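Chain IDs A, B, C, D and E follow the sequence of writing; residue 1 opens each chain.
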């Protein structure tokens, strides 16, 4: 654990960049999938990837270097100053749940759509227009 | 070709064409002068002052409706225009029978035309007069044996003045008009009254030749 | 309770009641509606003094209702015409469906019209104006409109343009002058065409559309002719006059003489629009083959005269406009009733299909004759007075010398369609199909005859109408309006003695009529129309020789350039092009979810790129 | 205080979980229980409105944490007004749909009811919450219910519409989350009042970027062009009571969220103009898209979008009177559009076809429903003496106050377009040649009660608007009085 | 009371005069045309004979009530118009109701008869009649425009609408209006060609084409009465033109009968001279089609009419 801590301190900037970069890359990849891919499932996956990216970004922002887990335990009452910000984590948890629900619903809709249209190409699902 | 048959045909035509004595007699009966005395409106002797003036106006204001049948129609313009100038007698063309006093029948009448002539005559308003031009209206003239031309106008309409000739020249026409004026002034031009009085007889004659008779039932004026 | 509210309540209750009664007995609806309108009229005529008003608050706005002499004048027309039209309606609408709907809307329309004239603030004016509009819209489309898309909606769209123009003006009056009371707005100079010029212009636009002024007249002919005739009497007789009412109101500041020179161009433009309306209405009226349509176009033309009269801004001109307002309601009401009677009895008003009704419907013909004489502006019937006032106003008091010729052209050409109407329906050869047509029922004849008598009397004694009209003019800012009971005097002191004229015409009429009837009475025959001199031919029973198609073709050929300008077509093209244009924008909704997502992202990117421009 | 704002949220949640159990006891529980809950919401609303009229606004914190840290529910006259309106409309829509749902094809009533109830409860949650992330959660609750309800008919088009809605809704949640992220990093709090308080310290660029994310995300919820591609499809494919709910409840909540964020949290210049312009574009495009629709519900959907555009314009103008007009219009639009969807659904029900074409002469089959539809059409166009007139009138006056001449003319021209297509439909209903067989489905009594109550509202408010105007006025005041809001929330100790 | 009796007697005398002169002028026209065509022509009194004959017809046909009324309309229009025109200025008998009506009224009253007759023609059911009416009314729109322009110009120039005032002005200034506003005169003369409906504007009653048009179904007493009305109308048109442009008549210093006699002679001379304009035009003219006639009236006469208005405004001082 300590080793890991030291390793982290050593590559701190790199990791920060990597985390943020990953998050943004995930968002971009997700956006690309949603906007460019024609297959419904791929679009749903893209949506999930985008969500994941945002969640990652959220958590990364809440992280304080060297912070502890945001838990007030007996004997550790003054830990508030060194704690990682708990709020983003809570939010991300909620958001993940919501994203899960949305993804599930989306997939069920995809199945429904495929049943009706016998295709999963989003370009062909435009009977409602104008 | 059989000569006999040919001759027979010719003689048949002849018998149709030239009237026999009996036919002529019959025709004379038909020509009975319906309108000599019965048609009189008022004698010169019995005329009152008002009637005299009226007749004077009538005779000097003859609106003529020229029913341009046959060759006589061409004589009317000559009569009316500069050379013979019938307007100096107060003659004037009328466009419709409602306004007209004199009906000029300027030539032969086919049975089809007769129907229209009768209609026009009946639409004229009393007192009204008829002047018939040429032989065709008197006895059929050159159409005497035509199948669709009437021979004697007198059987169908009361004619006040006949103008002989084929065709009569404008001089004769003017002469005829002057004759008519005299008749009017004397109160003898009673064609309209005669027609009214002898309507049944006229109708009978008219219906003999007019096949598609569709006149209104009543002679309503 | 305030008396105006009682009248409005009577009409409202009547409207609902007729609507409900229809489900029990459709026969009673007409009578109920008539009784309610009669009750409202009686209350109005007996209970309301002129100058009455009351104020109240609604929605945080100060509202005020009341009657000036000016609105009183229009209220006369509204109630008079309504009662007659509803009486006429009882038999006219008999046997048609949806009577409750018809009469309910009818009473609501009356309510709206009355509300418009009693409103002394803009908000109630607008509210009642809109009530009037949609209630009348319901009536316009009553006659089973299979083409609602084009006809009824056209009326509504134009009305809406007008109403919203008004609303814009009202809103700005509120903002700039901080008042909603009409009298205050006038006092503060809201209509002065000086500072906020769009206020009076928008108001005029709104009112002109109701008055069917060029180029917004295209709704009027079809709306007038397609409504049930008993309503069209009100529609053309009273409701289009609400536009006149409004224009007069807007021009009050001109009449008050605050700064008449400034309004010269406004008055000139409006006057010319009125003149062109009159010409267009007239020339289109005379090529119609449907009597109702003919009358509809004629109404447009007549309203053009009224607008011309208003635009002169002089005493005689306003008097002409106000007089024409009444007399147009009277004779055009009578004529629409005639058209309705013919429609009811003979089944159609298409002049190519019927003719020679004079022997079948003599009384109706008599009404039509007198009304047409009034329409043509002939003495001794009332229409002449209006024409006289208008010409004299234009010649002696106004500087529109060419406009007077335009108006004269229109009113001369009006002879053409006047004759066309009488000939097309009543004269000519008798049609075989109309042999069994009967005279209109008595309840339809009575209102027609009443209107006819008004037309005749007002020709001899126009002072009866001048009196309230003069009061009305004083209410909108004229002073010392002079008038005589039965003669007309212009600015230069030239008089026309109408009483004398009527007497003379009457006397000559009697003498000549007696002479021509008695002379040779026994030898005079009355014959049918088949007995005509058509070159010796006898028209058959089934032949109708009446000349009905292309009646005024010579005129049409001579005036071909005038006919080439067709406002209807222009508006139609505009509408179609707009819809096509809209269709293009509609294509943005492609139906592809991914495209929508792309829109979102693009929008986001655009916002981010231009964030400094948008959010400073 | 017996009743607190939290009842709004707790009651539906409990009911949602209880219904699957209760349904074992009585098979109609799924239909009745949501009604009870929604009615309870109405009572809560009225009680709270009464309470705040006497004691001022309520800020209730959850789980014992004080205002800036914990989640709080705020009932000001503004939120209270909207919550009341939403709950009453929600109840009326439930009443309308009570029997309607028997006829649902391909769906199961209990899910429908639960989703519908959650949608309404979520909307109320959006309105009363004082916490930005909590708002996100409620938006997602509404969203998921709405996606499911859109696709409820399990038909070909329903699924398609649902998927589109979901796709765009996913973007909305993503961007909203990003916006919240930025705000949180800058201010370190999620409480809207506190964010507003700390907002002046945030760098301008960050503020604007955050605002843009919020605008896009909430613009999707508020059906702003060009983010509203989902709306016509969703409106037209959802079951009719749901369409009514979309128009009367969900869009109100969406607009509320946007307005709350823009007006309370941010103080960026130019956002008013942005709202005005985008509102106008939304209105224009929606109305010109509506004019040539062949599908009744789709037409109504575009019309709703147009009305929301007008609301946005009014909020964009931003003056007290304009906000007043906007709130009035939101109320009117909720009422009238619900009525139109309710009436329209009976047309569709009777013709088995959503096409406007097949409405020809339908008034003979459904006289009362037709009457309601015509009334609604006239009211939504803004004809006096119906309630729609007043809201439009006040919006126009407020625009005139700011001298937006062309805006006024534009609004009125667009209204003419609106009038055209509505009257075409009314004309068809009443005056076109009628075909087909006599009525098979007369409106049930509860539907009639629901519709007549809405119609009654339209007429009564139209004739006598003073009944409702004070409430709207205080709501508008509350919305605009930002500092008071901040102060009150941060100082209230529970 | 005495005044009224005088008035009635004066009206009677005026009517008689108008009738006599109108009929005589009609005869004269026929004579003139005949002489121009190198004919003898009918006697001058021919029209009286025609009238007498028509009235002495023993049968009369009317096509219903309007047909019966058609001549009545014409006489009403003729008599009413006549009463409001100053035949002799300031004369006890021939002044009639001059000051009680003005030009606008006269313009309308003059059309009244035509419209009445058109109604009678309409009821007869004869297509030719109605065709004539259609043409006549169309042509009416043609010539009324320049005529009205001319009259408007006069009104504007002299600030009055009463004919008697025009006479007074001409008497005071001593200059006839034809010299004061020549363009108005030209417009009015061209318009009056159409009003008389002689060639080239006689397509309305073209005998060969339309069977005399609107009159096609009238005969006997009806036609006679119409002729009377027509004669009076011819007189009215002439007197109106003479009054408006040629200084009127009766403006002499002689007293009593002598004054009246001289005035009448002056009137006859002036009207006859004026009457010869349309007559001579008619002699040398073929016939216009209706639309040609209308277009003619809308071109040059209207142009002169507008010129007249501009002239009037110039004289009036509006441009100063």
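We adopt the following convention: a residue touches a chain if its C-beta (ideal position, glycine included) is under 8 Å from a C-beta of that chain, and two chains touch if they have at least 3 such contacts.
Since this is a predicted model, take the numbers as computed values, not measurements.
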Leaving chain C out, group the remaining chains by who still touches whom.
A, D | B, E
Figure out the least number of contact steps between chain D and chain E, where 1 means they touch directly.
2
Per-chain C-alpha mean nearest global C-alpha mean belongs to chain C
Please give the pair of chains with the highest number of C-beta contact pairs.
C-E
Need the most distant chain from chain C, centre defined as the mean of C-alpha atoms.
A
I'd like to verify one number: the distance from the centre of chain C to the centre of chain D, where each centre is the average of its C-alpha atoms, in whole angstrom.
44
Go ahead and note the Å separation of the Cα centroids belonging to chain C and chain E.
36
Just give me the whole-number Å value for how far the CA centre of chain A lies from that of chain D.
30
Can you compute the centre-to-centre distance for chain A and chain C, using the mean CA position of each chain? Integer Å is fine.
70
Flagged in chain B as touching 2+ other chains are 96, 98, 123, 126, 221
Two or more other chains are touched by the chain C residues 523, 525, 527, 530-531, 533, 586, 589, 591, 593-594, 597, 601
Among the residues of chain A, pick out those that touch two or more other chains and give their numbers.
34, 43, 125-128, 130
Which pairs of chains touch each other in this structure?
A-C, A-D, B-C, B-E, C-D, C-E
Enumerate the contact residues on chain B facing chain E in the complex.
53-54, 56-58, 60-61, 63, 81-82, 85, 87-88, 90, 92-96, 98-101, 123-127, 221
Listed in rising order, the residues of chain A that touch chain C in the complex are 31, 34-35, 38, 43, 122-123, 125-130
Could you please specify the touching residues of chain C with respect to chain B in the complex?
523, 525, 527, 530-531, 533, 535-538, 540
Quick check on the complex: what are the chain B residues that touch chain C?
96-98, 115-120, 123, 126, 214-216, 220-221
Using the touch definition up top, name the residues of chain C that touch chain D in the complex.
57-60, 123, 126-127, 130-131, 133-134, 137, 141-142, 144-146, 148-149, 152-153, 156-157, 160-161, 164-165, 167-168, 171-172, 174-175, 198, 579, 582-583, 585-586, 588-589, 591, 593-597, 599-604, 607-608, 611-612, 614-616
